[in-house]
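Chains here go by letter, A, B, C, D and E, matching the order in which they are written, and residues are numbered from 1 within each.
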């Protein structure tokens, strides 16, 4: 019983430390100091993020984290995982900054501490999801990542939508976790172990039970990723949840799950299983991208609109998984990084407008450029980046993920990518609808000129910088690629 | 487990699982539903005992039957007046549910059947692991392979979060 | 031996399907949660059975079930909190009323 | 990196973008636009000079002034630049049109935003022409496409929202095919080849034969959409009709050339074997484009529609000639790009100026403009004459090179199609003269038009620049012929010969 | 003066004039622009005479060899555009008998027209533009005739077409002028398509554009086609006929003649220069230039002959019924050019050493002079009475004596009365035809008779008949000096040109040829002409009702001829009802509705699909779960079925 193994989980421990600090602050700080909760959390988390970014360089001397595993292979860490966690940290930091104004609003002010605590626990769950190499820990991670979120979704007590969203989220989440557990039980029955490494090492013939097991696991993971047909909760929940929670849900939670899905499917279910799930995923990707797009076309509520957009984005992210290669993982991580910034930029604008005017409909955005040019431009950049328009980062991430997807060179994959590409046209259409509303619609502006809060602006500036720089400066991609290269073999 | 006695016990357990499960979801009184759930859970615990996982059976009774069902009952009492009768379900929804349930039964049942009746299973050659309390304690707090300290710690965080979440949600303000 | 394991799996499966049926047909949200417990319970049985009959060498299945029970408890607690919260807002726990956001 | 002169084709527009972002009033915007576009014009002149010097010194590399800087190293993506005669010609064309376009939009609303987008568009255009790396090429290609949406949507006229959306989506549709083609080219080099995105390298090692049959149509259609190939041309009439003046100019003048250039540079240059075998399919399509566009133009009443269909016809000729796969016809294709670029820009500039005065583009509502605005009218006549192939103006040179070259093809089918394409010269005459007759000659249709004024100095500058260029190409074609023909005669000819 | 310099200047001076007048003309006074243009033309005229004289008379070994054979000499030949190593467009200056002769013709007529226009166009809006266009035309025409290769010819061919377009449409506010110019351009453009395709076919086989190469070894041209045929005819025939089609367009051969009568909408001096003397004979010149190659294909020559003969007759008949004096002259021009064309078609080396060729060129020369004279005279008349129709004229001889005399000389010349120039050239042509086949000879003699008739009909109706009543209020006056000088000069030339020993200078093989009149032919034609003139005199000298009676007697014929045998209506039907209505409009419709509709359909299908599946997102969490579960089960089932 070597409890020093906990030290391997430095990031998780750091996160728990932040969590505890927040918890203690919230519980014991004097009433006056409580008004500083939000900045304190942001600073703490920023500190945590920066330390994590710099840690390997300062402590280990080398810039890569040595692959390590602990708890008998139940937990691993390496440069790749370290990097993706850092990416998520940055995203969370932006979410935190963007949420300051909302958290300090009259309805939430009493519960702001809990908001941060819950958020940090879900992040911890995501960490665990990605790092665990055992289905039990994985599921605990997954549940930690989703259950507290239900509470966060229900945060706006004065809004009915928030309640409805929470109910829908929770019930679907529970159902899906039951399905997932069922699937895992079959995996256990087939391979005799719940350790990923053992599963990967076991060789099995294809039998219906295996198919059912994989489908159920995929359904459980697909629920979090909102892949079609497991996606139906997404729109309602995104729409009903507080915008900060929606943005968190749409980028961080999705990103972490995508990586976890990669690890489970590409690695744990790697060799013998892949021909089974390959075609499932193939169909699901097509469905996800297409149906997400088709629904997005007709949305008027901005949050709901972005929900469907994020569904189809999830389909694109899964293209990295179908390639099953280091390049796929790299592209996926990069895509997530870019997606975080693009989507958060969009949500940042939506949040700023919602906080200041309460408007959420796309029609309210008509003529926004006349009154709030900076917000409009930010939104436009976000839309372009999501649509994959160069020179913004989204273009690069899309290109890289397509590139990774066709790497195996089969015709089927080319067809898949072609379908995905054709769908980008549809997606461009609806992203342009937003741009059109803001820039082109001749109507009188609905939203008056206002000055957004400092925190909102900081959040948006970070996102805009990310959108512009992430693609053009190749170092981000190269770092991720190097991380994946060094860590890919030790992922299991 | 060749004895007739164990067969009888199995029969009772299995039958009660099936019957109470069905009753749980078909009764129109919500409180009864909770009660049937309790019976189902007891039956499950019985199954665990039957398979020699006494610790698990105990946990099942303590946590599930003792904790969760009580929670249910409280919440039912909170949200509905006793004796409230669920109105008759729309047949469309029942059909939908039936189709879904039967489809699940068919697909998963077929998969299980196909696997466990045709596939030649590797016989359980391994020596069954001991399930006494000492070893369970070791398993639960060990850091080696097949030991579960990490999930144990992790789930504590989850539970804490759920408590916070529950408090936040349920608090009036 | 094959039949032996099926003997246990089939009741579990039926339990699971009952859970599914209940989940889809019940309109009281707490009843839905109850159905969900059935499903989770069925999975627990699966794990235990697989552990006992197929891989008795380690206690993976059993511990999984152990943790799954804890998870179920946590889930239920939170779910009930949320449902009660909703009940406060709309004085109702009928799931069919919860469909304002759609399309 | 900055020692390579070509990179400044991107640097200058980026600096312009920065400059525009800082401007506060229309004067500053104009100053930035004029300085920037003049600098680009000068730069293309310098590049031309240096290029000719290098060639004169006997440098026969396929690409000159090359530079390559690693960008996404793990993916073999470099920022690789280099030019041959064709790209130099295209760079000159682009800088001329950007220059003229800046003046043509002298009094536009919201000048700052307008020029920001316009410059972003030209960044894409210039970047595309200097790139010899498939990825950067594709990136710049898309950079050039998207500003169109806002330029048309915000500053356009008529059904602008519909047109802008249609244009953007169709072009993006093309680029979807293109992207797939590029990926395929990257992953399927011929036996023993390396994975590379560098055009020259790929051309050297070749693309896998089997995959070519899949990739060639992909890339050709991808670029062909922008080249207004039948039946993917319908964005062009609506798009052009709705676009503001400078945007039409740039779009028809330069952007559509991206299509033709890309068809050659990517589809045919890299996959000559498939091009040779599949050319007939696209020959039929482009042959249809040529005649069909011309016929459609005959019945239009909106000036811009006429010109847009005319562009379909003329750009069809570009692709048509490229597919002939012989050096004369391909040279002609590039000449046609130059020529069409200049004269269609001229057309759109003039149409824009006329529209700015009369507020209608319907030829039935105008007439006798020759009396009212002689300068613009004469410009229009010259543009028309260039378009219908008057010797001494650029159109003639280009078309003749194409016809002569195409007719040298050994195959009867190709020659027969050449004759079909030749028919367009008559139809072109019909619709051009129809417009000229109705619009400029005859009596004044609308009495209000009598009070209109002739061109202002900036408009004159814009028009004269283009006319001079059209005339220079038309009068001294051999210089351009040598410039753009050289690559076909050396590097590419050998490839073609091998196939045949 | 150095030959090279002067030949450069011959081309560059008019071009420079065009540019100067075109770019800065608007700032000049009318007088300055006119004088500048005329002076420039005058210098060009002198240079051209000098060059022609040098070529014909210097006896330099460059131009004539010891045996008296005139040589072809290119003064300069700049590479303009290099398609391939062998297919090169060059811009050069080619001297041989016909180009030297054409230099003289063009510069002479052009100078006369320049001079004449000083008076005729006085005070017109766009006077400077007019002179600019005249210079442009002269430049193009000169470039055309001195072309060293067929593509250079094509280039200038197009340029003359455009100059013609611009000049016909000079009065651009007049709708009829605009449509006439458009028609002229499009019809000739259509013909040029044939020309271009012909060039393409020819160059495909011969790999050259060069006239020298083509005409010096026509057998090699024939051989290079390798006996390839297309639809029964050899490709060479195809090529030559197509090239001839270009000539048909420019020279207004039937059925591509319809533009020329309408082209009379242009200012009259322009008609004189372009549509009578120079540009319209480009087709003849083209055939003459390629003549050795044409000799390789008797079918092509046959086509030329038939087209020429038919056109000549048709145009002559139509000319008899026109009222507009310029139209009469226009049809007369068509008829005369067709004469030349026929002469070329019948010219075989075996018949009088290809005399038809020489005769054709001779007639080209003389016709240029007297037809220009007639047009300029008609211009003077129109200037005086402000109308084109002879019904507004009559009895003008008193008022315009100089015009009267010169016009009469022109009429006599064209009618073929000795000793006027037309007699000699026409006689040579008839001889050649008669020797080819008597049918052509008699046929064309009949046309010659018709010519004499309609010319004198015109003459009498203008100058005799009956004095118009309007003269009282608007008295016609003789034209100013700038206009009469050209008339007198051209009249003199028309009188004497017949005595030029043309065979000395211009023959198909460039060997000198002794002209001798074939009196049997000559007498026939003179008699025919005299009879025709007599009839015309009887009909039209004094006002009488004989013409009207005759007209009524043959009403249908007269109407048909007056309506030019409905060619315009036919064209209108084809272009408007067939091409425009049945081709263009359906294509445009197809484009908007089918092609564009398909693209829009993609969009609407996507939108429809979007609405169609919206039920999936029903808002009820239980149905979400159903979809979730059934979806996953379906995937499982499908994969099971597929894999196992």
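In this section, contacts are C-beta pairs under 8 Å (C-beta built on N, C-alpha and C of every residue); 3 or more make two chains touch, one makes a residue touch a chain.
What you are looking at is a predicted structure, and each value in this text was computed from that prediction instead of being measured.
**Student:** Name, by label, each chain that touches both members of the pair subunit A and subunit E.
**Tutor:** A chain counts here if it touches both subunit A and subunit E, which gives B, C, D.
**Student:** Any chains in contact with both subunit C and subunit E?
**Tutor:** Chains touching both subunit C and subunit E: A, B.
**Student:** Taking each chain's centre as the mean of its C-alpha atoms, which one lies nearest the mean of all protein C-alpha atoms here?
**Tutor:** It is chain D that sits nearest the middle.
**Student:** Of the pairs B-C and B-E, which shows more C-beta pairs in contact?
**Tutor:** So, comparing the two chain pairs, more contacts are at B-C.
**Student:** Which one of the chains is farthest from subunit B, going by Cα centres?
**Tutor:** E
**Student:** Per the centroid of Cα atoms for each chain, what is the distance between subunit A and subunit D, given in Å?
**Tutor:** 42
**Student:** Cα centroid separation between subunit D and subunit E, in whole Å?
**Tutor:** 37
**Student:** Can you compute the centre-to-centre distance for subunit B and subunit D, using the mean CA position of each chain? Integer Å is fine.
**Tutor:** Here the centre of subunit D sits 70 Å away from the centre of subunit B.
**Student:** Distance from the CA centroid of subunit A to that of subunit C, rounded to the nearest Å?
**Tutor:** So the centre of subunit A lies 27 Å away from the centre of subunit C.
**Student:** Could you check subunit C for residues that touch two or more other chains and list them?
**Tutor:** Expected reply: 16, 19-20, 23-25, 32-33, 54-55, 58, 60, 63, 67, 71, 74-75, 78, 81-83, 85, 95, 98-103.
**Student:** Where in subunit A do residues touch two or more of the other chains?
**Tutor:** 136, 140, 143, 147, 150-151, 154, 166-168, 171, 175, 182, 186, 189, 207-208, 211-212, 235-236, 298, 429, in rising order.
**Student:** Enumerate the residues of subunit B that touch no fewer than two other chains.
**Tutor:** If we look for residues of subunit B contacting two or more partner chains, we find 93, 96-97, 100, 104, 107-108, 111-112, 146, 148, 151, 155, 158, 162, 165-167, 169.
**Student:** Write out all the pairs of touching chains, ordered by chain label.
**Tutor:** The set of touching chain pairs is A-B, A-C, A-D, A-E, B-C, B-E, C-E, D-E.
**Student:** What does subunit B use to touch subunit C in their complex?
**Tutor:** 1, 10, 13-14, 17-18, 21-22, 24-25, 30, 33-34, 37, 40-41, 44, 47-48, 51-53, 55-56, 59-60, 63-64, 67-68, 71-72, 75-76, 78-80, 86, 89, 93-94, 96-98, 100-102, 104-105, 108-109, 112-113, 116-117, 121-124, 126-129, 131, 136, 139-140, 146, 148, 151-152, 155, 158-159, 162-163, 165-167, 169-170, 172
**Student:** With touch defined as at the start, can you tell me which subunit E residues reach subunit C in the complex?
**Tutor:** Touching subunit C from subunit E are residues 614, 617-622, 625-626, 629.
**Student:** Can you list the residues on subunit B that touch subunit A in the complex?
**Tutor:** 107-108, 110-112, 114-115, 119, 141-151, 154-155, 157-158, 160-162, 164-169, 171, 173
**Student:** Show which residues of subunit A lie in contact with subunit C when the two form their complex.
**Tutor:** Residues 135-136, 139-140, 143, 147, 150-151, 154, 157, 160-161, 163-168, 170-171, 174-175, 177-178, 181-182, 184-186, 188-189, 192-194, 235-236, 239-240, 298, 304.
**Student:** Mind listing the subunit E positions that touch subunit A in their complex?
**Tutor:** Counting only subunit E, the residues touching subunit A are 603, 606-607, 609-611, 613-614, 616-617, 619, 621, 623-625, 627-633, 635-636, 638-640, 642-644.
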